[in-house]
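Each structure below appears as structure tokens.
After this come two complexes, each holding chain A, first together with chain B and then together with chain C.
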Partner chain A sequence: MNGTVVRLTYRALLGGRRAWLLLLMSVVLLAMAVLLRLTVGVDHQVTADFLGAVSVAALVPLFGLIVGTGVIGPEIDDGSIVYLLSKPISRPRIILSKLAVAATGTVLFAAVPTFVAGLVMSGTADRIALGFGVAALVASVAYSAIFLLLSVVTRHAVVYGLAYALIWEGLLGSFVPGARTLSVQQWSLSLTEAITTRDLVSSDVRLAVAGVLLAVVIVGATWYAGQRLRVLSLAGEE
Partner chain B sequence: MSPSVLSVDTVSRWYGNVVAVNDVTMTIGPGITGLLGPNGAGKSTLIGMLAGFLAPSAGSVTLDGVTVWKNPDVYRTIGLVPEREAAYDFLTGWQFVLANAELHGLSDPGAAAKRALATVEMEFAQGRKVGEYSKGMRQRVKMASALVHDPAVLLLDEPFNGMDPRQRLHLMDLLRQMGADGRTVLFSSHILEEVEQLAQQIEVMVAGRHAASGDFREIRRLMTDRPHQYVIRSSDDRGLASALIADGSTAGVQLDDSVLSVEAVSFLRFTELLPRVARDAGIRLYEVSPTDESLESVFSYLVKS
Partner chain C sequence: MTEQPSGVIHDIGYRKYDGPRLGRARVTRALYAHSLRGAYGLGRSARAKVLPMLLLGVMALPAFIIAVITNVTSDITGGLPLPYSRYVMVTMPILAIFLAAQAPASLSRDLRFKTVPLYFSRPMERSDYVLAKYGALATAVFLLLTLPLLIMYVGALLAELPAGEQTGDLLLALLGAAVFAVVFAGIGLVIASLTPRRGFGVAAIITVLALSFAAVSALQGIIRYEVGDADLAGWLGLLSPATLVDGFQTWVLDASSSSVAPPPGAAGGVVYVLVTFAVIGACWALLNLRYRKVAVS
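Presenting the complex of A and B:
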């Protein structure tokens, strides 16, 4: 990793209005959790359904998309990436630094609020909060790596990222069971299933398979992003 | 600092069916080289390849014999001033140059940043954000970021674009100093006068091709010593036509609808000849206007020659 790349990325990512937008969405999640706790009381199934549908299925991929593409996409678009690339730093190191910022951001804004929302709704009972917190954390890293790679590969990373999150994981997953095997959401839910002590969540993917696939995706996407950054063409303005 | 040489060897670059750079060979050594050509001539594409940000579709680009593409180590030797404006607008000038020094892994980035900002005389504004800079200040801070590691090679893509005359002079002085220090400085421009004032060596690009190469006198001669078209109105067009055709410096004279068109072979001789001939023949000149003086026509002439 490179400290200067991390610092520049962090400032570019969270310097503007984006940080407030992300924070607002985290606060909304927590507010909804408090509201449910006050209106429904303690109902572990409600907690599991809420965190599964709102947090793991929507908030985490959305944050992964915003942050994962945000750490490098704008720099490639406006050309300022040239100041990083015209330095004797290995490209994989630049990617690792970017991933560190993206993953930390997604964990802070999506995974931590998920864990806290779990605590608010169910306390520490049956390790529900912990189960969803860990799932959100691992999914945050995986989405960050995937969307970071997408940003290096294509200028339309946000569009493709949304298509993946909405169409593949959302729609196709509900109709085509096979698609669920290749879904970050299902992999992370299998962690939740393994951690929670009550039968509230069921994932279509076995824990071992999910663990291997998550590792392959995180490592593979990061490695390939480094390779693609090595051959990134920066054309002039002619 | 040991002198560095950039070599472009039979390099082409195409985007799909469009050829941006076509079979270019040139060597850029210490001193100031100007890359001259109209917009869209392939200058930026060539600089992109020299800077290692574009792969040549054919041929090779090397720095002191080492391939530039996919070789981040060359950036220890190369300093790059890109044409694009974007440069971490949220940082102050100082933070921006310091970050560049740190990214180079310099042992004392603070001292390097200080020196670079002093070189471009930007200390007075180093506390302000880059986003608030004028175009000229931005160009200078970009220059400081490129100089921070004291590179032997400096590549500048259209560095004078949008600068006012004072900033232009200042940057020219700075580049002259860099060239005098033995650095290899290459800058691109579409303005002949800019290149002529600054560069010892000029490389002309037109429509992706390497159209001409030489020192500025040679290029100036190529550009002026070519057939020039003029339209002339005078008190006696027919008399003037016959007097002009008698001299060898005109290649052709045409007279229709009382418009006299003359094609001059030698620019310098013709400019001396015309007033003399007119005076001797007692003819009054009302109008002498060149018909092909646009830069593009000069460039396209160079391609044909």
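Presenting the complex of A and C:
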């Protein structure tokens, strides 16, 4: 990793008003959790449904998408990436630095609020909050790596990332059960299933398979992003 | 050659335009047509065509499958497996992606390359620009929603379902699709007009559309089934664009609802209608406000 790249990326991603806009989304999640706690009371099934549908299925992928593409997409878009690439820093190291910022951002803005929302709604009972927190944490890293790779590969990274997150994981996943075995969402939910002590969540993927797939995806995507950055060609404006 | 201009060094043959000047309406129409074509990548590079055409194909595919199923099973079921009016809600992610991709594409380049001031140096007014862009994107979204409905309609007619009933249902669903198109295009354009960077625009639009839909649906589900308060769940639908318009068409057009909870009672229905029109009006006003002043720097 390279400190300067990390610092510059961090400032480009979270400098100015942007951190507040991102924080707003986390606050909305927490506000809904508080609202549900006040209206419904403590109901572990509600906690699991809410965190599963809003946090793991929507907030974490969207954050991973915005942050994962945001750390490098705009630079490639406006061509200023050449100034970074012309420095004597190896391309895989640049990717690793960018990934560190993206993963940290997603964890801070999506996984931590998920954990806190779990605590607000269920306390520490049955390790529900912990289960969803860990799932969100791992999913954050995985999504960051995937979408970082995507934004090195294509200029329309956000759109293709959306297609994966919404159509593959959301729409196809609810109709075609087979599509669920290849989705970050289900892999991370299998972690939740393993950690929580009560039977609230069910995942279609076994824990061992999910763990291996997650590791392969995170490492593989990061490695391949480094390789692709080595041969990056700057396309002109369409 | 006829007579050479004599004694003139600098005359290199420039001519003034002395044809008819077509005026504001024609400028607006031209920009509308250009933007509409641009939304599907027509007149742009092949790479720009890939995404909208792909989404159009993905949008039409389920309708085609439904049409085939209808023809195979029409003796048994005697109807479409999915009503026309629910199609938009079922394929909501595709619509959201189309909008997130094409709304910034329509506005961000004009802002980024500072071509907006050039537009306004012509007889075109601010509101004309907004009208052309808004109309073009709404039309593009409407076309995206119309194609699958027409495919289903043709499938239903081929399966010899009652034509009168099908036509009525189709027309109502098309009306609903038009409301969807206007509301969604408005929201997408307002967000897109705030940033000259396409990437931010895409991310912001999808966040507003997808996250609000996911959050509102989850809250509605929990409040309706765990708490058992169907009225409160119905009111919550006002908070996301998709459930808002779905409630609108459920109440006004008697469509079958796809939301967790439809608008509560007659008062709820009226509020849904009012909010829908208020959102459209607000988008129009905000866009005009945004383009009152466009920085040249």
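Following the convention adopted for this analysis, the second predicted complex is superposed on the first by the 233 of 238 C-alpha atoms of A that agree within 3 Å, B and C clash if a C-alpha of one lies under 4 Å from a C-alpha of the other, contacts with A are read in each partner's own complex, and residues count from 1 in each chain.
Convention: a contact is a pair of C-beta atoms (placed from the backbone, for glycine too) under 8 Å apart; a residue touches a chain by one contact, two chains touch by 3 or more.
For clarity, every value in this text was computed on a predicted model and none was experimentally measured.
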- Using the superposition on chain A, decide if chain B and chain C clash or fit. fit
- Query: Can A:Met25 be said to touch chain B (first), chain C (second), both, or neither?
  - Reply: second
- Message: In the overlaid three-chain picture, which partner chain does A:Val82 touch, first (chain B) or second (chain C), both, or neither?
- Response: first
- Does the superposition put A:Val138 against chain B (first), chain C (second), both, or neither? neither
- Query: Rounded to a whole Å, what is the shortest Cα gap between chain B and chain C in the overlaid structures?
  - Reply: 5
- Message: Going by the contact definition given at the top, which residues of chain A touch chain B in one complex and chain C in the other?
- Response: 238
- Okay, in this complex, where on chain C does chain A touch? 44-45, 47-48, 51, 58, 91, 93-94, 96-97, 100-101, 197-200, 202-203, 206-207, 210-211, 214-215, 217-219, 221-223, 226-227
- Message: Quick check on the complex: what are the chain B residues that touch chain A?
- Response: 15, 20, 39-45, 47-48, 51, 53-55, 70, 72-76, 78, 80, 82-84, 86-88, 90-91, 99-100, 102-105, 145, 157
- Message: Please output the residues of chain A touching chain B within their complex, sorted ascending.
- Response: 2-5, 7-8, 11-12, 15-16, 78-80, 82-91, 230-238
- Mind listing the chain A positions that touch chain C in their complex? 25, 28-29, 32, 35-36, 39-40, 43, 45-46, 49-50, 53-54, 57-59, 62, 65-66, 69-70, 73-74, 77, 156, 158-159, 162-163, 166-167, 170-171, 238
